[in-house]
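In the two complexes below, subunit A is the common chain; its partner is subunit B in one and subunit C in the other.
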Partner chain A sequence: MLEFFEEFPEMSRGDLRDFKKVIDSAFRSFSRTYGESIENFFDPVLWFLIWFEKLLLNTPWPIIILVVAGLCYLGARSWKLSIGSLLTFALIGYLGMWEDTMSTMALISVATILCIAIGIPLGVWMARSDRVQALVMPILDVMQTIPIFVYLLPVLMLLGIGKVPGLIAVCVYAMPPIVRLTNLGIRLVDKGVLEAADAFGADKKQKLLGVQIPLALPNIFAGINQTIMMALAMVVIASMIGVRGLGIPVLQAIQNQYLALGLMNGLAIVALAIIFDRVLQGYGKRLQKDREVKKNG
Partner chain B sequence: MKKISLSIFIFYIFFFLLSFKAIASNCEFQMADMNWPSATLMANVDKFILEEGYDCKIELVPGATTATFITMNEKGKPHVAPELWTNAIAGLLHKALEEGRLFSAIKGPITELGEGWWITPHTLKNYPEFKTVLDILERPDLFPAKEDKSKGAFIGCPAGWGCQLANQSLFIAFEMEKKGWVLVDPGSQAGLDGSMSKAAERGDNWFGYYWSPTSLIGKYNMKLMDFGVPFAGSKNWDDCIAKGPEGCIEPKPSAWTESIVQTVVTSEIKEMTEVMNYFGKRIFPGSIMNSMLVYMEENQSQGADGAIEFLEKYPEIWINWITLEAAKKIKKAL
Partner chain C sequence: MADNKISIKGLYKVFGDRPNDAIQNIINGMSKEKLLSEHGSVLGLNNINIDIPAEQLHVIMGLSGSGKSTLIRHINRLIDPTVGKVIIDGDNIMEMSQEELREFRRYKASMVFQKFGLFPHRTVFQNISYGLFIQGIREEEVKERTQVWVDKVGLTGFEKYYPAHLSGGMQQRVGLARALATDAEILLMDEAFSSLDPLIRNNMQDILLGLQEELHKTIIFITHDLDEALRLGDEISFLRDGKVVQRGKPQDIILRPADDYIKDFIKDINRSRVLKVSSIMENETKVFGPKIRSNTSIEKALPIIASSDKGLVTVVNAKGKTIGKVTLKNAISAIERPSRDKTNRYHYK
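Right, the complex of A and B next:
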């Protein structure tokens, strides 16, 4: 009887081993049967990623720099930011990181767009239904905390190394903040405002697009900021499964203790993150300002 | 004050007893249990055979190549490194051997080991005309790269590993780009393993860098390809191929440099004739080592379990390593 309390009544070693073996072999046969069709399913994503990377790599560099500076101005309406991004990209190119930076930019742009495109609708859906929220919240927790290679190993077995597993890794890790903050932002909208909208006879769609989302914008943009930062932080992990880009030289630097190489490429990742973020935040601020002007005027 | 002197006294007694015990058994030493599966299996086999067959007393201490070598060289402990890959520490080891601080008990305790370029076994079966790497290089169409199907994918070594530079150099030396190949960087060991096991499981063709003895090579029965060219001298390898494209402009095609693995012992062990005789004969055939690694991985077993499995399953191999008397004792212990 005392033994029961002293030793945890654990599964016998043989059973535990068989249990693990069953899971492993089940996954193996799944991957053998469906691997190819799953791979084909993701092919369009792969083609788009390759096309976009080639586009960035084959366009002459002055055009890319000008386009980036132009986008900065369009997004944030700030000369300072445009000139800053222009100088940053010139420096990145001068230090010999142009091609890696373009590869990383291609992956991160697609990942960010994908995260926002899936994350915001999911967040809205969560805000509208407590049941969906109860279901999605734990999934988001898993996505953010599970050690990355735990799910990357099965993904590698299914899809092989390359861009698509890299994209999946980035999105799994980077999507939760935008979902969470969209959900939170919409839930925080003042009940009184919603009642007023009801009183004016707004239907569900009008309430969502005209009241809830505009009022939730500060939170949503905080979510976008977090998503971008986390996506760029995942660049190195993506490189660990064969994605070209700034992560590869960082890995090289870590293995061999090349301080300068690591710092340069690491800072290039930071620069990309800051430019991406400032442009989108600037755009977000302008959206909110427009709204305020309309309200006051 | 009194307490302290008492404890010192007790300490001395312990110390005395301990040293006495050491004298009692004239075969008591430490072995390095290295942090990769084949070495830990070998250390455990040695421990079992020497303890049961030769009445030695062996303590296994965790180790890793450089750290173990340095403590062996400086402190004389652990006394034995069963599977030391000496390419990385060649210069230092040479010096230690010359000064008589360390000794090589056997060169090549595992056969057929080393690094190189491997392909999946079904590929070799479907294309029996593949005799060497040179034949494979003519057929990039059989190994389509994921991102550009018109090119053949050669899976190189993860970023930052020493072998990455050598693979990059050989990629240039064999003019693989011109022949329609791309060098894919798998990024990490997980990436390299994943790409190989995916291809082997799925029946795809795979061509890339790996090394043996490893459980993956044994599990999928991967085939090491002959390079089709001889080893082009250590000058070409050390001063050019190993430095990568930035340190070397014109690499010559070459077979992979030979990986030297030895069982290295300290001078204390050299005096033990029986133990040295055992080490001198103890050679694991590569195929059996690989199948043992597969067994250990599939059963998620530790070195000690693996050693017993090996001793039970392959007596015809270890019987040649030891004296008749020791063999009887070990069979009894099993």
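Right, the complex of A and C next:
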């Protein structure tokens, strides 16, 4: 009797082993049966990622630098940022990190586009229905807290080492903020303003696109910012499962204690993050002209 | 009933979990207090019946919590009633489908809000054109029609400003123009001027009265301010605890308050400014002393009466025909505040 309190009543070792075996073999047979079709499902994404990476790598570097500086100006309307990004990219190239940086840029761009394309509609759906919110919230919590390697394992078993698992790893980790903040932003839209839209006979679509999303933009852009930051933070992890880019030299630096190599590549990741963010935030601010302070009137 | 633009019939609204059970109790005579303590439901509106003829400016007057903002939202069904009908031009709003209701809101009734309800991300011009934009009218026509209203409410030059850059009074002029721009026949105004300071409020009342003279809309105007109600209303409905306690023309309400609650309400107003000589005159067809128009306020009539030889003036109608006389005694007793017990001491028409 006393034994019951001192020792936790565990499953017997054999049962536990069988239990794990059942799960493992079930998943293995699942991956054998459906692995290929799942792989095919991700083919378009893979194709786009490869195409984009090749485009970045095959375009002569001066053109890339000019395009980046030009995009900076288009997005944020700031000469300072354009020149800053021009110098940063020149330095990155000079220090021998050009190709890795292009690979990382391709991965992050595709990951961010995917996260926004899935995350914003999901956030809108959550804002419209308390039931959907109750369902999705815990999933987002899991996505953000579950150790990366734990969900990477089944992904690797299904798809093998490569770009797509890397992309999935990045997206799983980076998507929750954009979903959460879109949901929050839309829920926080002033009820009085929505009532006015109702009183003038606006339908659901007119309310969503004309009132709710524009007024939720500050929160949505905060979400995009978080998503980009988290995606870049995942670059090193992604490199562990065979994604090329700035993560691989960092990984080597950790294994061999190359301080300078680690620092340089790490800072290149930081520089990318800052440029991505400033451009998008600048663009977001221009979408929200009404928040500028005018002195007269 | 065909003459009434808006007809509210037997409207009840209960806020709570099981409104349909609660409403049966109310119809069977349960009190509001008992409903709250036994069912946890709040009675918002209690058997409202109001008929509003076309082109009338109808004021619904009541203190906070009287249900007036709830009531106005039933007219365009921003709130659904528990029981009752709202009939507009013969159609029951409560039976409309979502699609019909949207059409109704787009073309027939527009609304002005206490807190303006402007779209912060749209400019003044884009705000005023919102109703037309929702109607899906082509751009040039929207521009043309919007500009008319921008000019009419005196916002010319401010088209490209955002609401946050404007003062409260200007913001509400945007709200008013936005509502008028759709050319809806019905204008719902929910404490539209209550959050403005007194001088601006007066100015907005002038604008509204000026526009109404030209436009002849059917206007429901909600307010808690008696002076505003008396100044604007063709007719006033007094709302208290979700019930209409009195309904009538401003003159009638002042001369014949239905109960002590309304008496308390009107005791501090400037009676001489609100009351017209037509309300206090004695019938007469002969001409005595100076002539004054029947819609002259007592305030303006008093000096004329006082300076006349016999303390007597003749009242004429708009066509100049003699219809009555007013003595100094009539005028002074009319502006005396009524005591709580005596009523109907005045001769009125």
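Following the convention adopted for this analysis, the second predicted complex is superposed on the first by the 282 of 297 C-alpha atoms of A that agree within 3 Å, B and C clash if a C-alpha of one lies under 4 Å from a C-alpha of the other, contacts with A are read in each partner's own complex, and residues count from 1 in each chain.
What we mean here is this: a contact is a pair of C-beta atoms (placed from the backbone, for glycine too) under 8 Å apart; a residue touches a chain by one contact, two chains touch by 3 or more.
A quick note: this is a predicted structure, and the numbers were derived from the prediction, not measured.
Judged by the touch definition given at the top, the superposed model places A:D203 against subunit C, while subunit B stays out of reach.
By the document's definition of touching, of the two partners only subunit B reaches A:G242; subunit C does not.
Within the superposed three-chain model, A:D130 lies out of touch with both subunit B and subunit C [touch as defined at top].
Set against each other, subunit B and subunit C differ in how many residues of subunit A they touch, and the higher count belongs to B. In the superposition on chain A, A:I50 makes contact with subunit B only, while subunit C stays out of contact range.
In the overlay built on the shared chain, the residue A:D141 is in contact with neither subunit B nor subunit C.
In the superposed model, A:D15 lies in contact with neither subunit B nor subunit C.
In the superposed model, A:Q288 lies in contact with subunit C only, and not with subunit B. With both structures placed on the common chain, the touch criterion links A:P214 to subunit C but leaves subunit B unconnected.
Here subunit C touches subunit A in the complex through residues 76, 78, 101-107, 110-111, 113, 115-123, 130-131, 134-135, 158, 161-166, 178, 182, 188, going by the rule given at the top. Subunit A makes touch with subunit C in their complex at residues 192-193, 195-203, 206, 211, 214-215, 288-291, 294, 297. Those residues of subunit B whose C-beta lies close enough to touch subunit A in the complex are 146-148, 158-161, 164, 184-188, 190-191, 194-195, 197-199, 201-202, 298-300. The part of subunit A that touches subunit B in the complex is made up of residues 17, 20-21, 28, 31-32, 35-36, 46, 50, 149, 152-153, 156-163, 239-244, 247-249, 251-256.
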